[in-house]
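Shared between the two complexes below is chain A, which has chain B as its partner in the first and chain C in the second.
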Partner chain A sequence: MTQQITDSGSQVPDDPQKASLGRRIAARPQLVLIGVLVLLIGVTFLIQPTYLIRDGSFTFAGLRNSLLFAVPIGILAAGQTTLMLTGGIDLSIAMIATASAYVTANQSPQGAVVAIILGIVVGLLAGTANGVGVGVFRVNPLIMTLAMSGILLGLFTQWATTIFAGSTRMPDFVVTLGQGTLWDIIPYAAIVWAAVAAIIVLMLRRTGFGRNLYALGDNLIASRLAGIRSWQVLVAVYALSGVLGAIAGILMGGRIGAVDLQLAGFLLLPSVAAAVIGGTSIFGGVGTYTGTIIGALILGVLQSMLTFLNAGEAVQQVLYGSIVLGLSWVYAAMSRSQ
Partner chain B sequence: MTTTAPPTNETTSTTPRMRRWVQRHGWTTGVWITLFILVVWYATLIPKFGSFQVANIINGGTSWVFLAAAQAVVVIAGGIDLGVGGMLVLTSAAGAQYMEGQPFGVIILIAIAIFLGAMILNGLVGWVISVSKVPDIVVTLGSLYIFQGLALMILPKVGGGSSGAFRWLFTGSETGISSNPWPAIVVITIPIAIVAWWVGRTRSGLSIYALGSDPNAAFLSGVDARRTKIVSYAVAGGLSAIAGFSSLAISGVGNATTVGGNLTLNSVAAIVLGGVALTGGIGSLIAAVPAAIILFFFNPILSALGVNPNYAQVIQGVLIVLVMMVAGLLEWRRRRLK
Partner chain C sequence: MEPKPHLLEATGVAKSYGPVVALRSVDLSVAPGEIHALLGANGAGKSTLVKILAAVIPDDAGTIKVNGGLVSLAGPSDATSKGISTVFQDPALIPDLSVDQNLTISGISKSEIAPWLERMHLGDLDTALLVRDIPLATLRLVDLARALAHDPQLLMLDEITAALTPEQAELVFDVAREWRDTGRSVLFISHRLSEILDICDRATILRNGRDVAHLDLEGVDEPELVAAMLGEELAEAVEAVDEDAVAAERTYGEIALEASDLEFRGRVNGVSFELRRGEILGITALEGQGQDDLFNVLSGDHRPSGGQVLVGGEPLNAHSPYNAIRRGVALVPGDRQDALLPQRSVRENLATPLYNRIGRWFGLLRDETKRVNSAVERLDIDTRAASELRRLSGGNQQKVTIGRWLVAGFDVLLCFDPTRGIDIQTKAQIYELLKELAADGAAILLYTSELREIPLVCDRVLVMYDGRIVHEQDAISATEEVLLTAAHALEST
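Entry: the complex of A and B
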């Protein structure tokens, strides 16, 4: 907001050659993000050489771990990205993920397919409720999803000892999906993420629904005058976010093997951070999912690095916060010089 | 609402004034009345309602009030501070670490030092937002992590403490449990009155409203946007520090593993209930006080009703959404009447 004021002042580039290089980079900010990603991988390698090289030869083990960290963040951040494009946010997505995983684990005796479908239905219902609150009743998204998070936490804390008192173990199929790898290189979870990513990217770029998201976030009134039924779009996109939350939660549960109510809560802020680092504006209308994917990968590598540093929870949190802050600062500076 | 009655001829001189009063203070008054009704209702629900219950509500509500006031100042200025909860955890951890075993005079000096430190640290957050032009929500997401990490560095294990006199100051008893609400009432009233006076009556305070309602108009009328932003965050830091002291005085020990994010979310819910618009520029600090106490008060009321605490959380979430829907409806009707 303050940007408008200061930007009206003149910004004369002092050195033309430098400015043109800067402009060339600024035109493709995602290249810089990839640069940051490579840099972080390099730093992690320097801290702990076994990250990339074991017994004298190259190994995927370290990168695979980082990727596994990144998968749930990336899928949750898909929800955040699509919502942020409309000027919204989903603070309940981590709780939706936990709730869905809980239901899937509980229904595992009924077979993996039924269990997964039921888990996704939970996400769909919670997301739709969010969408009705935001889209139809115009409740502020922060408040709506915050309240939804509290509601789900209360319900599932209660139900965990009553109607969902049974199994907390994930179906074997989901465990394989969460832990297994294809040809010992590509985790199945990453394949799921790739599928989700392809759908989201295509949806945002190629479908009317995707373009509506950008339009709503850019100018709600103009898009309504242009004939977009904003409430329908909002209900749909919040429902989509709920489903994405469910997928992330089920994969997360599969990786751990069993569920509890603290399963995904710690992923909420990283999911927002991934979208923001990837260049999605929290005010709506600007952003891409490809940027978010790189953001999630950066956070995944960062998690590996912090684990190797063995610095303890305290230093990890300070570093994590500082890096998220630093990256978004750099990104903001670059997109302004564009 | 009485304002919607059409003005008759003999009341034309008083009705607009009344209408303006209701428009300005209606919500605040409503929140106070709601709190009053809740207290009376609560008194009839439990077998014995005395000073012990009053003290319990006010003492426990103190940190909620200060956190809500901190959030209100930042939100009125057009921002949002997700870091206030982290600041509460950080200041209470620092207090517990350095105050333990000190004489009362030294404890007060330490408290002042922590208070000033919190103002400077959060002011720095405001400076970063202003310089980097990264959205508030993103920067404070980073600061939330950083504060939480710093708290863990200062106080790695649950422990530390303050002194009896310090605990008396916030709870009316040296053990933290008392029937004396007066110290807490004084502790709430004086700082809130000072900040409310500053926000409502001074040049620098009013510029917060100006910045929050329209940054460009504020700039054109001579408001220093950067300074105002920094000041609003610094004040929020100081208020969060008092919240931290209160929670330290009640629990008696510091705990750096408290999840600051949840406390932040409570503060956001409280100010919204208190009529502060998340878009900035609208609302009052005074209304945030009863709103925060109401939110804290939900739990004893619902437990007096015999509601399972898990369902209490569900009901709280549903009520917040309902209040927001009603507020949205009133706002929509008011705009249509204009």
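Entry: the complex of A and C
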């Protein structure tokens, strides 16, 4: 029987040269995404040449602005990507970001390190609560995280004038992190994102935890029969999402310098959009963080383009919504045709 | 035969999934008034062809004629309206809806399907029940009734009898014969060759995505069919496996798994048995005698409502399958979809149970590749489509469900009907593997509905009826007749 399999194997005309263009593209979706990214940069340059060239020579300023916009989206989308792999989502992640930044600003008199740690603890607690709700009490992720978002907004609206009535200014260190650049070229925020990205990519590709995320989203029953206890994985991954939200929120706060309760709310839709653009399935089991990174960069460039076109935030939100809807439809159609 | 146009005539049908070729080029013609068998080993392309003819998936090349006219089928409902109805290999009913709601979705009224349900002896089926609460065999017949309600010219039945009792299968054959006698046709797929020879008139045989033979079945016997399906050499190899099967006499070790007065919600009623290392203990029963619940309890998926499971002499007290797995008890479930990650690679599928504890979350095992490769080799898994498990053939998928325990390791393997609906070649491989595992000291509990195979594989056999064990004997002397009598809870004479 080995013989038969080898025989038929050698007859398979699986020469990639012969595959159609469409198939080859479908096999390397990230090349397409990079193509889209380059195309968008080109279009933005045509709309506003100062995006890339100032005083006759190349400038990094335009791309840096796009990158700075992509950083918080990319970090929030790391949370969305890992959750979407399990078939979940975090609608509270932008509110967690805001709440964490709020606490960090409020605790800034304690020193930057303590303030940052307390901010991250807020994200960890809220995320863990989401995880317990979804993983242990089997609440639908949409409902659980939507409720968490509402609860956090209510609490912090109340607390803003009471227990957190003090500072709304970020610690200087965080401001440097949010605004400064290394050697006048690389934003510190981007370095933080790169570190986060390295950890997430490694986690998804090279750890048992990452395997469990894909397994849960692909087939819950098969995961259970393989001995995976879904509640453990879910509590951990929602907690991780909370921490990522906190990191993104603190960076956002640093970039602006001060916090209010509208700090990160508008980033919720783009955080989902970046993951969807990058090819992560909202049904779970399929996706990569490298795809999401390119998705976030695309949104960053798009933001620059829209700014040059004088399109306001309202137009941007319409666009993000349309992207999520349009791409969800395209991916659904693609997986049907396979 | 008069030269009427063929009811269905497919020429040069081809289909690839990415680099994997499922169908190279297949010709198939079905005449009016015949029952036509579609035969082939797993992965030969049978199910792909059926899905193309039912317009569930598009073909890459080829032409399809219905009643002599060229058609291009736009989708499943288009195929139905052109007179082709299909019962697919996996039930096509939505688990979370009731039978009634499922029928509404497929545009069939209750009055249209009622006579067919009656005919399947399902007249008293409560159609308000959720599909998920209905046994598989019943669902297959509901699926058939639904297909018949469309009053098709061509009825395609893909592995419908695999889950049915002999009595239920007879109902299906009756319908097939009626279709033939009224000038309509049936395309019949089954791994049970005796059925094929009983009811089919002609056969088309697929191998590696091509039609390799078109046979008139008049006067053909089973060995000839097997030879046509496998090619001569392989057929002999399969027979050889069967012959030395009974020979090996094993010595058993200590008791690995013990059930003591197990009960589960009135469906398992006081089951006790002992299973030793090195032993293959068979269990058989008619549909719905509590065998599924017994396996779920033994594997830690359900908690028993009474009695105890003992592993290595100690009580199991499992809260989830994890506890059983850690004690070395692994389950190969009856529905392979319950053991597979369809969108992930073969490698990830096989390695899944390795990472079920927090201590292993923070990296990958260093010897993962080695373990996975040795399982792939040992099971002879065809890895041409290894990047996505769903692209593997049914038999190869089935091998993966067992393979993941070869990778993770186990002491007791609970196999629930692991050879249902797979071809004889893969079946022989799986049985051979189970025997090897037992010889290496594993304890194996094997539920199978294939009575004839029990003496070939098992050492001892238990028969269940109404949640109890009603019969026990050495497998070597377990004839089909004796087992069937016991399975109906009749006194053997």
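Following the convention adopted for this analysis, the second predicted complex is superposed on the first by the 291 of 338 C-alpha atoms of A that agree within 3 Å, B and C clash if a C-alpha of one lies under 4 Å from a C-alpha of the other, contacts with A are read in each partner's own complex, and residues count from 1 in each chain.
Following the convention adopted for this analysis, a residue touches a chain if its C-beta (ideal position, glycine included) is under 8 Å from a C-beta of that chain, and two chains touch if they have at least 3 such contacts.
It should be emphasised that the depicted structure is a prediction, and the values quoted were computed from it without experimental measurement.
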**Request:** May I ask you to name which of chain B and chain C touches more residues of chain A?
**Result:** B
**Prompt:** Looking at the overlay, what does A:I186 touch: chain B (first), chain C (second), both, or neither?
**Reply:** neither
**Prompt:** After superposition on the shared chain, which partner residues are touched by A:L125: those of chain B (first), chain C (second), both, or neither?
**Reply:** neither
**Message:** After the superposition on A, what does A:A194 contact: first (chain B), second (chain C), both or neither?
**Reply:** neither
**Prompt:** Which of the two partners, first being chain B and second being chain C, lies in contact with A:G285: first, second, both, or neither?
**Reply:** second
**Request:** Mind working out whether A:N219 is in touch with chain B, chain C, both or neither, as first, second, both or neither?
**Result:** second
**Request:** Check whether A:A258 is in contact with chain B, with chain C, with both or with neither, and answer first, second, both or neither.
**Result:** neither
**Message:** Contacts for A:G227 in the overlay, against chain B (first) and chain C (second): which applies, first, second, both or neither?
**Reply:** second
**Asked** Counting only touches as set out at the top, which of chain B and chain C does A:T207 meet: first, second, both, neither?
**Response** second
**Prompt:** Do any residues of chain A touch both chain B and chain C, and if so, which are they?
**Reply:** 1-2, 4-5
**Message:** Can you tell me which positions in chain C touch chain A when the two form their complex?
**Reply:** 17-21, 58, 208, 231, 234, 237, 299, 301, 320-322, 325-326, 331, 333, 337-344, 348, 351-358, 360-365, 380, 382, 384, 404, 408, 425, 429
**In the complex, chain A residues that touch chain C** = 1-2, 4-5, 7-9, 11-14, 16, 19, 23, 27, 206-209, 211-212, 214-215, 218-219, 221-229, 232, 236, 285-286, 337-338
**Prompt:** Hey, which residues of chain A end up touching chain B in the complex?
**Reply:** 1-6, 91, 133, 137-140, 142-144, 146-151, 153-155, 157-158, 268-269, 272-273, 276, 281-283, 312-322, 324-325, 328-329, 332-333, 336
**Prompt:** How about chain B: which of its residues touch chain A in the complex?
**Reply:** 78, 80, 128, 130, 132-135, 137-139, 141-146, 148-153, 156, 215-216, 219, 225-226, 229, 256, 261, 265, 268-269, 272, 278, 308, 310-314, 316-318, 320-321, 324-325, 328, 332
